[in-house]
């Protein structure tokens, strides 16, 4: 029992370090202003959730340049604080809901990146008009319902939208994007890409019609990218 | 009397340092070009204005990378120079008017940030189409009247527009945004956010209709954010 | 034979260094996010392809800040790996096709730069509405066919579009820009310029009609720039 | 004679240093890509042109990060090379024409900044819809004729457009902005501001009508800014 706890503690520290470092990607890619955006990652022991099933998340209202591994917060899947000196992010309940209902998910990211927010404010999905969107999302990037912070409605909206989708990103209506991945790095990559394709599709639509990609081609792109790309 | 003066002098120096440092946020977030933008903060002693009621403001026409605490200017609420080797910002009268008529305000920021200026040039308020706008401004960001530098008309326009509004930002028509806060840091945050939401709402409107947020939801968002968010 | 091989090896190392360094230009000019974009250069010995006819290209899925000359990959004109510890870029077949069919070409660049992608998503050529476009491209920037990764269709589309064009850039439909040059530096310059003019022409068209430049003037601009400009 | 020449040489060296340093402002404010943009300054002795009447300008086709005072080029008002190891900028004839016909002008800047180019591509003046435009330009920013490099037509177009205008900036049709000032620093400031206001006015027009500023107010703004602003 003691040795198991020791192992969990080590994984928690590693996860804190990784989540703290990953937050630097958000201002780097221009996805956030001031304190508005957060990353979490599930703590895995030997690749699986521990019995306690915990995740590490950003503290609330702390600026990106002041973040450090020690300031990160550990929560259980009810969103309750387990370890940390700060209050967890105000979006913690949504992250917890995702981990609770999608056991295969290891990372969640939320931003208010500008172009993605513009699609979200209209409640309009981002069309799949570039091969890179087919590669990464396997189709359009869907819109989730309007939901207010304070209960499980945001988390529920994310899970219901993404559960039956190839997409790792959802645009929560009038709010902004949430992205998921098997770990936090992949969820961050999805958050970076969703803003990029939100901008490219915005620009394309401004001046006319996006030329549609045949569904068969999208299927091929998605399959190849998920299985062949990278090292 | 001497010790009181000594205390004020200490607060003045602290305020100069803080206001000088905060000016770095303006180019950092892309809110200004060349010298166009300024921040001021009221000098507080034990949390309240001193008898002299002073504020610290940027010198006129000095570039951001050349600013330092020593170059900051101290004025009284008539906008007259009390201490400093430089001429105060050409917007000093507007800042002074706000401090004179809104005793609860401790910081004022003025920029010509690009997207906010675009709304201001049309004389059009920024709609509340994202939860982050509800959080921060509690509704649309209002437009103030067209006013020329040289008398109190800019200050008056700011105060009359913001006095009965939840918003901490006003778009002065054909001019640009002014933001207020209980201290300068909060006014800077509002200046950063107003440009961000000006851009997101611009983009959203370019391609269609912004999906409206129910007033009740806006009220909830605003209440929670003002009372619960942060550490 | 040994001395020839030694010479090739030296050119390979120089080319690896140059291609690795040039990749820093892609994030610098905002042409890529994450790992999406790649540069290659043909290995020349005494200014001509060697008997083996090789080129150096980026490894697949490696981030720009982790690139180094040692990680670069050497391929032959069939796109087969000749030297290197990593898998070559997933766009290697397209680069190889260009080198195979355009012996005068020494460098190829592929990005997903945002404004260029917006024109590509509509399948619309970039008009020649600025003298800088006449200088660099000698006319509009053409669109190539929609093609899926996996066979030679991308390379074929690039070559068929550019072979009879003055342009060093092609917008592959629903995909993004490919650029060519007598060496990699020139292909990178074309990739930087194509995004810039894609943006300027996008903005110009948003608010009205682009004033056309007479064909005679375009011919003059192109001739002068190719023959007189620079040191 | 010797001492006069010595004095001129000293002023030339100072001017080379200043013009070289000022070129860093062009990429800093995002006004240029690759090598496309140049600054010149007239060499003044005791505040007046010397008998030789010379100016310092950027060498052709050299990248900004490789510039240094020694690489700068000295030309006479016919645009002929007087001193320097490099070929002068391909826009030298236009700079020379301005100095020849506007003796009060001490600095000229040319860029292809993106939003200004978009207005230039349509041949449309930038309206005066913000007080900052009234301050700096005293009215709309005018369009000059389409002109081809190779004779005096660019210089002539600049001079004829600006001679009877308050504006220090002209948008040469299908080409880009040229700005002037009593020295190079002021011409650079005008180049920075013209891009900023080109963007703000572009955005304003995208979503509706710009609210016009009364001519009387523009006159007041221009007069105050030229005579009162700054230290």
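We just call them A, B, C and D in the order they show up, numbering each chain from 1.
Please note the rule applied: a residue touches a chain if its C-beta (ideal position, glycine included) is under 8 Å from a C-beta of that chain, and two chains touch if they have at least 3 such contacts.
The chain list, named the UniProt way, goes like this: A, B, C, D = L-ribulose-5-phosphate 4-epimerase.
The shown structure was predicted, so the numbers you read here are calculated from the model rather than taken from an experiment.
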State which chains count as neighbours of subunit A and simultaneously of subunit C.
none
Using each chain's Cα centroid, which is most distant from the centroid of subunit A?
D
With touch defined as above, tell me whether subunit A and subunit B contact each other through largely the same residue numbers, more than half shared, or through different ones.
different
Fit subunit B to subunit D on CA atoms, both being copies of the same sequence, and give the resulting rotation angle in degrees, nearest 5.
90
In whole angstrom, how far does the Cα centroid of subunit A sit from the Cα centroid of subunit B?
33
Give, as an integer number of Å, the spacing between the C-alpha centres of subunit D and subunit A.
47
Do you know which subunit C residues sit against two or more other chains?
206
According to the definition of touch, which chains form touching pairs?
A-B, A-C, B-D, C-D
Which subunit D residues qualify as touching subunit C in the complex?
33-34, 36, 59-62, 86-87, 90, 112, 114-115, 117-124, 146, 148-150, 173-176, 202, 205-206
Flag every residue of subunit B that touches subunit A in the complex, lowest number first.
29, 129-132, 189, 192-193, 196, 199-201, 203-204, 206-211, 213, 217, 220-221, 224, 228-231
